[in-house]
Each structure stands twice: as structure tokens, then as C-alpha cells.
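Only one structure is covered here, and it is reproduced in the block below.
A, B, C and D are the chain letters, set down in written order, and residue numbers restart from 1 in every chain.
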Amino acid sequence: MARWGLVIDLDRCTACQACVVACKHENNVPFSTPATAAAGRLMTWIQLVAVETPSHGAPTALPLMCQQCDRPPCTDVCPTSATYLNPEGIVAQIYPRCIGCRYCTNACPYAVKLFNWHTPEWPESMAPLKNPDVSVRPKGVVEKCTFCHHRLMRAREQARADGRELSSEDYVPACVQTCPAEAMVFGDLDDPNSEVAVLAASSRAFRWMEELGTRPKVVYLREGE
Amino acid sequence: MRRALLFTGVACIAAIGSSLILPAAPVTQVLAFNHAKHAALTCAGCHAGIQTTQRAGFPSPAVCAKCHATAPASVAPAAWEQLQTSGVRFWKPVTRLPEHVMFSHRRHVALARLACASCHADIGERTAPPARMPRRLVMNTCLACHRAEGASEDCAGCHR
Amino acid sequence: MGDLHASAHDEYEAITQPVLTVGPLFNRWALGLGAVVLWAIFAWAWQLTFGLGETGLGRPIFWGLYITNFVFFIGVSHAGTLISAILRIVDAEWRRPITRMAEVITVLVLFFGVGNVVLDLGRPDRALNVILHPHFRSPLLWDIMSISVYLMASSFYLYLPLIPDIARLRDQTHGWRHRFYRRLSIGWTGTPKQWHRLERMIGIMAIVVIPIAVSVHTVVSWVFAMTIQPMWHSTIFGPYFVVGAIFSGIAAIIIAMAIVRKVYRLEKYLLPIHFNNLGLLLLVMACLWFYFTFAEHLTTWYGQQPHEVTVFNARVFGPFAPFFWLMVVTCFVVPFGILVNSRTRTVRWTVIASISVTIGMWIERFTIVVPSLSNPRAPIHTFTYVPSWVELSLMAGCFAAFALLYMGFTKLFPVIAIWELEQDAHAAAAVTADPVLAPRVEEA
Amino acid sequence: MNDHLTRRNFLFYGGAAVAGVTLGQVARRQIAWADERAASRESGEERWAVSVCRECAASCGVQVRLIDGRPVKLEGNPLCPVSRGRLCAKGQAAVEAYYDPDRLTGPAKRIGPHGSGTWQRISWEEATSLLAARLKSTAGRPGEVLAVAAEETSPAADVWQQVWRAAGARVHSTTGATAGRLRERWAALTGIAADPSFDLEHASYVLSFGAPVVEDWLSPLWTQRAFGRFRRSSGRPRGRLVQVEGRKSLTARKADEWIAVPADRQVVLVYGIAAVLLRENRIDREALRPYLRNLNDFEQAVTTRFTPDEVAAATGVPVVTVLRLARDLVSAERPLVIMAADASRELVDAALALDMLLGAFDRPGGIHAATPPVFTPQTAGADAPDTGAAPRVIVFRDSAEFRSLATTPDLEPALNTADLVVSFSPFLDEAASVADLLLPTHTALESWHAVVPATCVPGQMMAIARPVTPPALETRDLIEILKTVSDMVGGPMAAACTWPSSEALVGDQLARLAATHRGGPYTSIYETEWMQQLERGGWWTAAAATEEGIGDAIATAGGWADPYFEAGQIRRRLAELGGCSFPAPPVLPSAPLSPVILDSLHPLQMETFVPVGVNRLGSPNQPVLFELLGQPEARPWGPWVELSPETARTVDVATGEHVQVESASGALEASVVIVEGMPPGVVALAFVPAVPTGGRWAREIVRDVRSLAREDALRTGPVAVRIARV
């Protein structure tokens, strides 16, 4: 079984935020207002954060989404197993199981799990904008990046209909698909021939906060030689 | 005071109990479609999506018009005309899944060769449109089958 | 036995009288507190309708007042059972008039502790998922298990010693009260066999309840300590929380004692010696609390780990400094100053110290919950957490409801265990012979 | 309690039960009803269609995901040579503009006072006749009409120009930051009537003079990809970027080295570097001779005027740095010097000269000449002579933010004197806020497209697509409106517009493309195809294909491309001309370093920059774009000011806090972002246009940079400000 991973080359990344918009539209993430943003309720499954990375003096804009840890601090603390590590290494969130205690959001050192403070709303005219493959989360549950898991389900279905194995081009998350600078690479970390596995072994590779023992599957490549 | 509380308590228990026991609110269709009469057609003939898409889909008025050049006997010609010209799909879904469930007809019907009756029970033999879900579907309905067939039981596989 | 009853009737009328009569003062207070509770219910309905967005919480400050209150109430719950159980085990005879008051606090306050968690849930309608689909690696589940065991044990521990007193009331009342007491007294007639069983059960429960109580607050601390968040991930959190819990618990009993004593004119039973002795206990706990607080902060400061020290700085010098230093003053400086001196260990001053400790311990819970969340490891947008009207209303509602229930209890059951006093009368000689306590009794 | 079931008790419990059941069922029916409404009766049928992104001049090909015919998501068109399946943030946000709840629902005329944003819906007949009547009354008098539109190379833009010029109008274009801006200086130097094309991707060392490489330089998406590949490509060393810019922009932060030189002094540094190269004999003079006439004069002038010490004094860059830059440049394998699209003429001249000295022309990782375009803009008619008279009628097209800093003339006085201002735009944008008549056109997803993308690759392209969805509201096609109005006015205007609709216009263009027998539809694996075609020396469509067939294939693929380009064109052309002459370097300016007068009251020099997410062409009302502002410092939804740590210390603010930026003429509140390494005297303020009468999201921005200074002042340079803690 694959172990999905993502490599982000910070040397290539231009902080253009195309990934942020792609994710927002792909996953029915609601919009904010100035007031909600100021109150810490801006919803984005992927965002830029200013992080001081190894060997780059000034803070670098790091695209941050769920790091899909192999040892996720968030899943252990969930009292109902609403969030768990799935067999393919994706940290999933099962919304109808979630009781909204927000223990997982507090346990996550990356602060990438979001809570639905209100019922998400779109203006009436924007109703058709929602992606039918992804549900709209009700108020009171935690949500997060799923590596666009619905795309995997569709790709797998398609591959099976075509009578072939799932190949690496079949399934990429929306952020990877759109990245203009081609800074993101997605694939199976367990396949030694995959591009992600090769890049993840590069000397520039680092996993953010890996000293916490989270073993993230999002690998960053630092800037510079 | 005590009696008022008692009254409220009994009413609450009755409300919750009846909601759990009684079947869901009935659905009435615009046309009294007779599935049994159309048994000669395959399901996919009208519900075109089942082989290729996630949703089975309902036939548009144009699909009916392929066979029914004029209004069927049970339908008023004026109403028929109006439905034909409006072009909207007027069928109301009876078997509905919660929003957080992802069910792909293509995966189950086209790839896994699951019979329609597994979930839709005897709808194909009904002479009148059912008012309620012909088969009560809960998570265990899905899980039982998944277990029996050795299909994935990963929560994220069906919960979206 | 009949003799004893007749005489006891007169002797303990001061205790039973408030139970059986409802005065205008009670009604006024009940009305006032009831209004606050109703308002809180409205606020809760508001929150249920519009979602937790009606609080002042946001990302990354996901927990605020509710969880602070949760920890605080669970802490206060240690008042009772633990103190009365320990004192019972060590045969401290002076405990007799105060045990029940303490035990009631425990049972009532636990509901508010758990209730605050429910208030904090995004989907309280799904709270049962915790039982239907439990995940045993979650400290929150450990918490739920230990709290429910504690609730059952402490309710039982409250109920057992109530039985003889209920039977006494049964014999004094008629009408619905009589029927009520008759059912609750489960056929108590005061035979030696029944006394023997009761004493044994109480003895067993007193021992059983202590480890459960310790586990409860340890597990509450683990809710925080099991995460890897800066200044939550601490090994001393277990004992630190237990000490804090007993500390705030004692303070709560002293306040409750003082109020009951004043309102129901029980000066005859609640003697300054009780305040003195509990004051001494409070003093010990203040020192222990200070020791733990100091140890916790010293190691963090000395280690200077970047993320830990960020939270440390925010707490000690930064935006949370007013809370932190107020906590140090109210939890240590004030109670220590008052209680270290035997001349200020009077009823009035121990109560002042207790109020100070109660406020301080609430702030302590707040400065544990919020600063860590306000300074996450990830450099994301943070904001200043200000509780909304909904949170403040619900907090007020919790305190009001607690007071209301406590008042209600005093109108149904005697707040002082009469039969224990009777036993005490038999053991009076032992008290006066006590080398430590005897002089103070005279002082009083 | 009574244990017997009395009649009274029976009624009591029965009543309670009935009440409960009723209540429960009513509630459930409500839920079921809501459920039913939520459950779509549509089939959920998915379809993909191609379109063209019109959010900037790059005109990337996009792919639209349609569910039941409604657009759900925009993605890059994998066949498009510009986007190659990728899409930038702004491009993706365009779908929000389509669904904008505050989009214009149909034509309207202003009823409230000017700028009040109160409108009355009118019919298309009334709207067009209103405009036609007013145009008739101008009777084609020159200068009475002013037409303002964003610059674009397309048949529709030609029709726009022709129609208005026929009405005696002056036609003004707001220019985008594309390679088209460099066209004039490029042609002056090389004599080639095409745009320069910079091969950023294959360069190994890039010296950039203010070019916003990671932001939106020339064709943004193409630049982003080129930058990524420049930085990291297998088999090549990492590309090195040195950014010369006044403020520490995003590009400066991303660059390996940032050299703080204000825009007006950068030209000195360019010549300073050239002087070092010449003085140290680091260039191949013999190789240059055939293409250059005045090398000796140039060398003489440069080396005498730009000594390292003088350059250092004028720019503030230490001598060692100037020497190092020069030596690094020549020792790099494929050095490239680039400049901002809106750089001054002198800077463009100087940078191109330096490129020539470095042998960057016609070399991989250098500069190429784009193929002369197949589509040449029709320039029928000429602008009315500028009589100085104020225009009476102003028409705007797709100029959401016509008063942006990129616009040249100051429209403010004209807006005050004009009696009819018309906006041809689907959105409640800046033009709409001052307009008297709104004539909403279709959005990009509802339109026919034929547009030449801004030059990026050295081939030819034309983005062509059909509408992907029928018009959602009562909007109209631009050409259709122009045709209706021109026919009503009659005379030269009627003659100028011969197409009834965009569909006809695009169809005509498709036929013309088919007739060129060059190029073909956008095709997959563009680069492989390109290499193959280069080997074959051209690209022809199959002879058997009919014109309709070709047209259909082009519209289905999303565009037409002819990747063939003439390698070595520049050198060949220069050799034919007998070499070019470098423009004479300017005399070292001795004016004060900053054109802004700072005083004790306003001691800071404020520069303005436009954040990448700000949409200057399309709808100003796209919520997601406001969320992108102020990142990664998490300051979304408003303007922010970048301060040096020193400046921040003087007012005691930290990132995330707010300051008041005050100039002599106004004030603005902005959140603070501290940028390490900013020059202490400089603050940079983000320009987030305020449209107070715009849609629900746009309205949230109440004030912008323009409240601090007149726009012309902002355009010409920095402004003196002070900041105060809020």
C-alpha cells in the first residue's frame, strides 16, 4: 500500500499562494471577513507561514498544511477516533464522528487543524461553486487537509475502470496540480523510484519540527546550495 | 409545577421516541411513475449515471419523451406538456444519503457489480413511486457488505 | 433509642430547623440566582444555535473559559471527599461537623466540571460518541472514566453518612417530605447491625475514594501534559494539579462553612477551631503549591528552550503577567501572610485568605490554559483572547447554579452530620484530651 | 403519587404523548424538507471545457470543471504553452467573480448623486439608446469622447479602438506590466518589430533591476515556472538571483542577494558594471564587433563617466560589490540582466546594452526576439488630436481600477467635467463607482475569446475559446453592444463596426488563422513538440484539414500556437543593419538621492507597491484574494506597511500591530510587517484599492494609499510620511 507524501522545494516556491486558492476551491473551505480573520477564524487548509529554515537567514514563506505525520500527536488524543491515521498514511478526519472538543487542534504543534466556529456560509449565488466530491463541514467539527483524498478515490475508481494499476500521475492534490513554479511534488514515499522518495532523501530535505517525533510526510527542501 | 414538568417530560420522550420509530416523512413525486411497468428497460436506461458517475441521476423529461411521444394515460396532457417544456429534472430523490457520505454508483455498480436491489430493495417492482426509502440504509448496512466482500473498511474511504 | 431521639430532637434543632423551614431570605436569593441561571440557559441556547463562534475563541486559542472552569471545578471537587476521607481515616475528631458540607461541594461541583466540558463541545449532541466509540489512548477518555467513577464514588460517599440523618428527618416530618425521606432512608431504623454495616461501608469508601480523587486531578492534568505543547508537556503536572486541587478545595470549604455558619446560625457547631485547623491545612497547601509553581517555572526558565520560554515570558512578563502575578499574590502571598500567624487565623481572616485562594486558583487554571495556546510553536496569526458575553454568562450561570443547588441541598438535608455529632459527644473526652487541639478549643 | 389510572391521568399522559409525537413529526418534516432542498436533483454530471483567463494580459489557457453545466473550479489548461496545466492564485479566483453575488445583473443608470452607488435597472434598449443619443449629440467632434481600456492585442480591442476613433474619441490604454512595455526601446536598439523574450529558465545567473520575478513579471505564470526551473533543474547548478531594488520586495527576499538601490539610481549601477567589464577587458570585443558600431565611443563614455568610486557614491553600493557583481556576471555560464517592465527608458537601454556586452542575445538563458506576430493590430483611424478640451463622454472597458498607479493620465479632472461616464464591465468596480451608465458585459467564462497573450515564449500564440457557460445574468457581449450603439449613431461609427458579435469576430479570426497555414491548435507536451518542430523548421497543419476543422480544433484546444521561431534572429538582423549603436549613457546625475523632500514632520520615505493578489483588471470583489494579502505574516484583508526593525523600534510596534501612516495630505491605518534589512528611512505600503461602493467584500477596504497623496504624486515617486502607533 502506498504511503503518500509531499515534497515542497522552497528554492522553487515563490510564495504566490496559488496552492492556497486551489485548496480553498477544491475543498469547499468557506471565506472569511476582516472580523473573522482577526478573531483567528480564517479557514485555509494550506497557508503561508514565515519560518526560519536551516541555512537561510531571513524567515522563509513556508506553505504549511497538515504534515500528515506518521506519528500524529492529534490522533492519539481524539476521544472518539474521529481523527486517525489511515492505512495509506493520510491523517483523516471523520466529521460525523467528531464531537468538536478541539483536543486535536491543541495537540497539533503545526496548528493546522481548523474548527468550524459557525455554520459555513456562502452567498446564495455561490452555491454551485462547491465541489460535489467534498462535503461541507457542519458547525462544531474539526476539519483539515486530506491530501485531497477524494481525488485518490476517484483516481482509483478510474484506474480500476480502465483495468490498470493506479499510477503516480493519476492522483495529485489540488495544490500540487496548480503550483506554477512546479515546487511541489507528490507521490508514494515507499516507492524508492518515485520522485518524492528521491527528493525526500536529498541533502536539502528537512521535515519541519521533526525533533518533536511527529515524523511528517510533508518534506521541505531548504533554499540555497 | 410538578405536573407541567411531567407533561413536558412525557412529551419529549414521545417526540424522540416517535421520531426514532416512525418512518421518515413521505415523498410525493410529481408523476406517479410505475417502475414495474417499465421493467423491460434496464435501470441504466433512465438512471444513466450509474455506470459512469458517482450519482445515479434522474432522467430528464427528454428521456421520457423518447418513448412517450404524447402524455401517458395517467398524466394530464397539460401537465406533461409543461414538464416537457420546462426541461428540469423534477424527480425527488427518495433514497438519500447524508452529505458526509461518499457513495459512488460507478464503483459499486459498474466495478463491483453490486445489484441495484442491494440498496434500493424492491423499487424495480413497485407499481407506484415509494413514499420512503425502500430500504433503510445505515452505516452498518454498508459495513456488513464491505466486511463480507472484503472491501476497504477505511473510514475515509466513504466519509468525505 | 426512643430516648435518644427525643433528647436529640432538642439538642440538634439548630441543625434540623433550617432544613425544614424556608425563609424569605432564601427565596430572595433563590430567585436572584435562578435568574442568573435562566440567563445562562438562554446564553447556552444561543451558543447551541449559532455555534461556538459566539465565544471569544479562535485559532490557535481553541480552549478558554470553559476549560479553565472545568479544571477549576474539578479541582474544587477535591475539597470534600478527599478532606473528609483523609480526616476520617486519621480519626481527626474535629472534622465531624464539616465533612458533609465538604462532600456536598464535591458532588455538586463535579457536575459543573463535566458540564463545562459539554459547554465546550462543538457538537454536544454527539457527546455520546465518547461512550459509543471510545478511543482509549485519549487522555480525555481517561478523564471521563475517572470523573464518572469519582462522581459515583463520591455520591455514594455522600449518601451513606446521610442515611441516619434522613431517617431522623423522616421521623420528624410528614407529607411529601416524609414520603421523600422514607424512600431515601431505605428502611434505616438504627439497629446495631445497620450501624455496623454503615460504619464499615463508610470506612471502605473513605479508603476507596482517596486514590480515585488523586487519579481524577492527575488525569485532568494529563489532558494537558500528554500533548507536546510548550509548558503543558510537564512531568510534575500530575502532583501539581492535585496539590492545586486540594488547595482550592479547602478554600472552597472554608468559604462554604463561613456562609452556612452565618446564615443558619450554626456558630455552636462550626467553631473557630475548624477554621483554624483548615487554615493550617490551607497554609500547608499554599506552601506546597508555591513549591510546585516555583519548580515548574524555574526549570522552564533555566532550560530556555525557545518555545517553552516564549510561553514562560508571555506568562511571567508579557500580556499574561498581570494574571500571573495576581495569582502569585492571591495564591501565596495573601494566604501565607494571613495563615502563618496564629493571631490572624481567625474566622474572618481565614475566609479572606480562602476567597483570595479561590480567585487565585481560578487564575492559575486560566494562566495554564490560555498562554500556551496563545503562543503556538507554528508562527501563525494569534490574537488576544477576550471571553464573549456567552462565556461569561455561562460561567456566572455555573457559579449561580452551584450556589442554588447547594442552597437546595441545605433545605433537604442537614448540612452537618447529626449522628456524627452524637458520636462526637460520646468521644468528647477524647477531643479535650488531644494535646494539640485542646488549648485552642479553650481559646474559642 | 397515585398508582391508579384515573381518567384524568389518562387524558394527561395521552395529551402529553400526542403533543410530543406531533411536535417530533413536525420537526422531522422540517428537517426532511430542508434535506430535500439540499439534495440536488441534478445528475452531477461533470464536464471540462477550456477558456481563457482574462485576469491579466498573460491570457493563460484555463480548464473549467463544470458540474451540471455550472463552473466549479478553474485549473490550468495542460495544452496551453503559457499555463501548461498550472494556474496562479488570481486566475483561479476568477470563478468567484463569475459567482459574485454583487455582480451587475443588467444595465443600469445612476439615480443617486455621483459616486453614491445607487442605481436603477433599465432595459438594454434604453441603455444603448441613451448612450447612442449622447454620442449623436457630440457629432463626432474630436476630443469630446475619451475611451479608456486595458491594453490588449486582440480583434475585440481593435474593434473597440476603431469604433471610438470613428466617434472622434481619444483612445487610451492602461498598460499592463508586460514585455510590450519594452517594445519601443527594444526596437530602437535591435530594429526588430517584436517583443524581447527573456529565457529566464536557462539562465544561470540573473541580475535583476527591479524585475518582480517571483511576483508578476511580464507573463506571471510563465515567469513563475521559469523561475522554478532556473532555481532548480536536474543536471544544472542552481540559478543565482541578485535583485537590485529600492525596497525589500518579495523578490528581494527570495533572491540570493539584495542590493538596495532606488529605481532612479539603478541605471548608474548598470553602467558602473559595464564600465568594470570594459576596463577589465572581460568581454569578447571581436565577437561583438559585427553587431555593434559604437563600442569604442561607448567604452570611452562609460569608463570615464562611471568610475567605481563615483558609482559607489551615487548608488550607495560599495566599490567591492560593484566589482564583484561585474566579475560574477562574466564568470557565470549564462548570465542575464533583466529589468522591470515599467523601468525608465534609460534603464532599459542600459540593461539591454549590458546584456549585449555579456553576449546574452540569441543564446540559451539570454534574450530572444519573439516572432513577428501573425495578428497585427488594425490601426484604422487615428486618435483625435489633443485639443486640450475636457472630454464630455468617458467610456471605460474592463478597467476595474482605472485610477491604478499604472495609468498615465490623471483622469480626475476629466471625470468632474464629463456628463456621461459609461462602464463596460460586469463588475461593481472602480469605473462603476464613478459611472453614470453601466453596460455589463459577459465575464470571461461566458465570452468568446481571441486574444494574443503577453509575450513570453519566443513563438506566436493566440488564445481562442468559446463560452463555457451561458450568460448567468442579463449581460451582453461587448461587440454586440458596440454594434447596436454604432448602428444607432450611424455615420462613421456604423461603418467601423462590421461584426454583429464576438462570436462572429472570433470565427473570422479562426478563419484567418487557418488561412495562414502556420502553427496549429495548442498541443500537449508543448516542449517536445516545439523541439521537433524546430528540427523540421516549421509547423504546418495537416493539408487535409478543412478551415472549419482547424478552427474547431483550435477553439477546442483553447488556442493556436506557432512555436517556430527564427533562432539567431537578433544577430542576423543586427548584422544586416551593420550593427546597432548603444545609446549614449547619461551623465551621472547629481540630483539628491531621493526626489522626495523629507522633513522633521514627515521623516520617512514611503514607497507604494501592488501586492500580487490585487486584481487590477477583473472583479475587485473576490474574497479569497483578500485573504491572500499580508501573507506569510498573517495580515489578511487590508493594507499593510513594511518597516525596517529600526523604524519599528522608534514607534515601538511589532509585526501584527497597527500604525497610522500620515502624509501631508492624509492618513491611513495599516498593519505592520517588519522586514529585516529594509533601509531604515524607507517604509513600503501595500496598495489595496478601496472600492467603498463596490461589492460586499470590496467594501471592506475603506481607504487606500490614495488617501495619502494624489495619484500623480504616487506614480512619480515616493511620498514623505510619518508613522504613529495606533
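Brief remarks follow.
Keep in mind that, in the parts below, a contact is a pair of C-beta atoms (placed from the backbone, for glycine too) under 8 Å apart; a residue touches a chain by one contact, two chains touch by 3 or more.
These numbers come from a predicted model, not from an experiment.
Compared on C-beta pairs in contact, B-D and A-D come out with A-D as the pair having more.
Each chain gets a centre from its C-alpha atoms; the one nearest the centre of all protein C-alpha atoms is A.
Distance from the centre of subunit B peaks at C, each centre being the average of the chain's Cα atoms.
As a whole-number value, the distance joining the C-alpha centres of subunit B and subunit D reads 49 Å. Rounded to a whole number, the gap between the C-alpha centres of subunit C and subunit D is 65 angstrom. Between subunit A and subunit D the centroid-to-centroid distance comes to 29 Å (mean Cα coordinates, whole Å).
For this pair, subunit A with subunit C, the centres built from the Cα atoms lie 43 Å apart.
Touching two or more other chains at once are residues 44, 634 of subunit D.
Annotation for subunit B: residues 54, 99 touch two or more other chains. Among the residues of subunit A, those in touch with two or more other chains are 37-38, 42, 47, 49-50, 59, 96-97, 132. Of all residues in subunit B, only 54, 98-100, 102, 104, 106-107, 110-111, 154-157, 159-160 touch subunit A in the complex they form. Subunit A makes touch with subunit C in their complex at residues 37-42, 47, 49-51, 59, 64, 73, 76-82, 96-103, 105-107, 109-112, 114-119, 138-142, 209, 212.
Of all residues in subunit B, those touching subunit D in their complex are 3, 6-19, 22, 24-25, 27, 48-49, 53-55, 57-58, 88-93, 96, 99.
Taken in their complex, subunit D has these residues touching subunit A: 40, 44, 67-68, 70-76, 85-89, 91-93, 95-96, 99-101, 103, 214-215, 220-221, 224-225, 227-229, 231-232, 238, 250, 253-254, 256, 612-613, 623-624, 626-628, 631-634, 636-638, 676-677, 696-697, 700.
For subunit A in complex with subunit B, the touching residues are 84, 86-88, 90, 92, 94-97, 132-136, 146, 149-150, 153, 157, 160-161.
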